[in-house]
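The following blocks contain the structures, represented as structure tokens.
After this come two complexes, each holding chain A, first together with chain B and then together with chain C.
Presenting the complex of A and B:
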């Protein structure tokens, strides 16, 4: 039977040029979704299109270029209201009676504000700067800054700083690898992120699944997460870190908890999360010790007490409607860093209905929060990290101009090591060896090569960012932070521009 | 060292109090006596050495949070979140304790003489030989053992005056690991749907014997007799599945 059910229609079809195919069976071996078969009696490899997820692993690995993965050509009757995706999801639910899962970030059509924002450049006056020949500063300090500096003179009459500066992270590039847990990712990816963060003088984030002991030496470049499930959270984990992050929410799934299926909890993950092999790792939707800003303050200071006030504490929230007021509360609760995760942010697993329809764009959330904290005179209390769909260095520069101190990149980091956005992370069968803990498949991700690719990406972005700063006549990224005068809008409404705090192009 | 290092915490801000304790722990002090404690938070937070801390008064929120090593004895009541995300050794409370005690606890023991509030033992975890234990002498509020992923939770209801059931509503809802023992019967309507009642075995009896005896030793001055307690009938609750939500999704 071609289809298992009359209601399963393929999304992709795999076209093979049998003239080129040498029946090496590489595609059969590489396909982790059981879509590709070898038929011995016909000495032929074939694909069952209904199983193909469009990851293109077979296409990339085919030594003779015989394979093309295409969008399925067969179509439902044209319908401007009911999309093929709607139909297929509905059929699936009618068959299985469950919540549709997805991975990755929101792929639906919503406005992309980054693409409606353009950067300024210097002409004639205030000349631009050539970053290849002149110093250019990307170094960023993340953490609370004092309200004022108290400077006095010592006995010798030399000036000295008397203000105690709170602990800050120092990032040589304001791009940090986003929290993605060990469990959602495999150890090879964590190894790669840790090595790349160290090489580039920035940070990576463990996500909520703990830190494998092998990576403790990278502690100075590691932000450790404390989420509602408290997996792998203990005194030593906090001690080895550079900073600690309380995960309240995630842009891909605001307001709901996490759920690592028991099938993914193997020996090593079990050891790091400190739960038995094979049990579900459930992260409750809220932290059950946090029902208010006061409770959040309690956990922030519990972390500070446990680490002798030596490290900044970050609080990560999803960008939701009332984000500015929430961020103000978080700043007042004593956080040193606030992470805003927009609705394009990725996930290892989320109900599709939540990923697709909950939360707001990071651009608007970031602008609203930055403005609110400025209005309240507390912007210096916290650093802001923008997350959720940062695609390139242009997005980073625009985010900084909208008020971010730094950004997180998750999806972009996965793309750098081979991800093709098939959004099947939740299956644990990632053919590129990234979001799988199957030891056989995870070997496809070589940590050294992956680290090099991540390093290359950051190096490229750093150079581009310097170019963009230079053309604006700015020689330090901190001079761009919140500098919305260097941005102009095209094709946005008055309300949108008001929220973004930017003028239309031509004004 | 001859006696305990005494700190009078009267009107002292928690930060100052805890800083003194941390500094002294570093200097090698192993026995503290904190007097006039009145709600100071985070006592014992993140300490990873085998020290003894006596608390006289009311211990504040997050007593022993993230700690691994100390033994804390509170001569009075404790507020919320006792033993939050605690990793090892012991906290003994000669009184009542508040909500969310033992949240995410993954090792050590929590002995509480009186009642506790809501959501006690939430998301306790087991890993190999690390099995956290909470023993509560009085009654517990709603959501006792919620999301429990491991460990042992014992509710003794020793001071029953018949005012309310030993435990509140939604017992062990979301439970997917560990064991709960409640002295006496528990009305099934109070239980979460992820939990089931099973027969007490001889192994359970042996386990309970050891744990209850240890508990009674800590509260010797109250004349608790483990034999009398153990003679009662216990209700044993375990999760019905290690993967309670495996069937919620469509693939």
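Presenting the complex of A and C:
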């Protein structure tokens, strides 16, 4: 029998051109999913297609270009209702009786609102601005701002600032690396994010697994997370940070907690998370000291007390149906930054059923929250960070125009260092060395090279954002923030446009 | 949500006598007509200060009506909120080229009884203006300050001046505007100046940040109903200067804020102040090309956008200060000024009346000379 079970059908097939193959066995070495193996008696390398996850590591590393990873050509009988994915998932569950896990972000077909939004440009009546010749400003302050300033005068009669401004983060580009924990990622990836954030004058986020001591020198560029498991949270952790973030929810899996399998918890992770080696790190679904908005307020102020009111506190929530009212409550509970994580956001591990069907698109959530905070006259109180599926600088610009102060990028950052979206992060076997803690595989991710790639990405996006601001006749990003008149919709319903607060193209 | 918005090219001119001598209307007409090349006969307007000395303490409401019925409704509303000391039709002349004209009235009023101590008379008047502009279809408040008034409409600057008999007024300061609207609805409310209380603004340019400015202002109770981007300038100045009590110089530093590269090089206290201004008032930054004149009962300010994408020229002659889109508009009424210069990008030219030099609005700024 070709397959271990008659119900396991492959998703990918690996084609080898044996004319080109020199049997160097690189592919065998590179495959971390045990799909590729060497047959000594035939002096040949072959792939067991059922094990292939489509990560394309073998294809990329093959020195002679002998390998092509393809979608499996065999087909189930055509059925417009039951997709091959439904069938395969169902077979798997019938076989194993478990929850189907996945990694990465929601890959199902839903409307992508970014792609229904187009940008404006200047013609004649308003000169566009060339960012290569004129200053173009992306600097962004994140945190609470007072509604007004009080001004006094010194003895020379010069105006002086009398208002104390609450602590703010200052980012040279409004793009921040999204929370992804040490454990979900390995230390090499954290090293790369920290170095790139520092180089580009922005921030990275530890996620909920604590901060390795080696990275404390990057504290000024680090947002540290406090999640329901409280892993790695201690006074020094809070004190070295630039800002603290309370993680309530994650766009990929709203309403459920995290699970780092014990197998991934090695010595260093154990020390950083403050849990014994080899134990599962389970984050509860809710914070068990936050069952209400007033409880959240207590934790926000506990963190502020612990750090002498010198750092902003962020609260991250998944984009759910009532997100606007929840965000208003969070602003009133004392948060300085609110992170909205849309349903396209990634995860290291989540039940596929949750990732695929829970939450709402970030575009709609962001627009609704920004408008609600304005209706209540409290938009100045908080900064908004949009997260969950930001793919390019165009998405960033559109997010800012809808009302975001900044964005998080997670999946995009992983892609920058080699991720191919195989969605097997939860296995700990990432062939690209990103989401694995196997020291042998993790070496595939060189932190210096990864940092350079992340820096390149941000630099490229910054330049593109400046071009887009310039063609709109804007030379400071704050003049685009919430400027929905510079957006137009194509192919959206009246209701969708009302929620997004944008007009149809041609209007 | 209405997406309709005017964009227009324009010419502007302003004259102020720092000693509050009366400048005949004929002078500002001559100056602005000289800039007619920059307009297209589809809009012009004037604002004069000190033109109603007989009612110095009354708010002078200039109101434009589409017809007689809406006037009745509006007057009923006004009488419920104000004591009307005097009212009359705004005197006009017949001008052959102006055929389709609204009705103009002016009311000299004082607020009846304020709802509470926290509401100032100015706030009360502002709320009335917003209520009429948004809520009463066919009625628009053209100006609402004390001892000042705005006159504007669809037509060339010479016709509008003729129509409103500008030559019969004399003012301590004038600002004027001629328009080149690129998509006009032929609507009189869309002409400049835009006003609120005694703030009057004439503007040449297009505000790229309009959407941001508008949504920011809405948080503070301003309703942008006039379908033209210039409206936000008057409201931003009102918010920052009158309500938030920042001096005008700092308001100019908000509207045309210095670049971060320059702020970073300032000395400590000043850097903190400017950083805070941008952090708190970032949504009030006017982006895109503009030259504006802002007038109020204490004086006049000229300002360019921070990379000077529109022309603005200033000149001084004795106690008179002139600002205009082009030098020719100044020379046409003042052939030999003592000094003529082009203000730098983002550098405000603030000209207080001599008697207003110590007013808090102009504190902390050296006057131009």
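Here is the rule we use: the second predicted complex is superposed on the first by the 506 of 507 C-alpha atoms of A that agree within 3 Å, B and C clash if a C-alpha of one lies under 4 Å from a C-alpha of the other, contacts with A are read in each partner's own complex, and residues count from 1 in each chain.
Rule of thumb we're sticking to: a contact is a pair of C-beta atoms (placed from the backbone, for glycine too) under 8 Å apart; a residue touches a chain by one contact, two chains touch by 3 or more.
Keep in mind that this is a model prediction, so the values were computed, not measured.
Of the two partner chains, chain B is the only one touched by A:229; chain C is not. By the document's definition of touching, neither partner reaches A:74: not chain B, not chain C.
Looking at the shared chain after the overlay, A:96 reaches chain B, while chain C stays out of its contact range. In the superposition on chain A, A:475 makes contact with chain C only, while chain B stays out of contact range. Looking at the shared chain after the overlay, A:153 reaches chain C, while chain B stays out of its contact range. Shared-chain residue A:40: touches no atom of chain B or chain C.
In the superposed pair of complexes, A:259 makes contact with chain B only, with no contact to chain C.
Residues common to the contacts of chain A with chain B and with chain C across the two structures: none. Those residues of chain B lying in contact with chain A across their complex are 15, 18, 22, 41-42, 45-48, 61-62, 65-68, 80-81, 84-85, 87, 100, 103-104, 106, 119, 122-123, 125-127, 130, 146-147, 149-150, 174, 176-177, 242-251. The touching residues of chain A, when paired with chain C in their complex, are 122, 125-127, 129, 134-135, 137, 139, 141, 145-151, 153-154, 157-161, 163, 165, 168, 374, 377, 379-380, 401, 472-476, 478-486, 498, 501, 503, 507. Across the interface of their complex, chain B is touched by residues 92-93, 95-101, 226, 228-230, 233-236, 238-239, 259, 261-262, 270-271, 274-276, 278-282, 284, 288-289, 298, 301-303, 305-308, 427 of chain A.
The touching residues of chain C, when paired with chain A in their complex, are 1, 3, 5, 7-9, 182, 205-206, 208-212, 214-216, 218-220, 243-247, 249-250, 257, 259-261, 269-270, 272-273, 276-283, 285, 287-289, 306-307, 309, 363-364.
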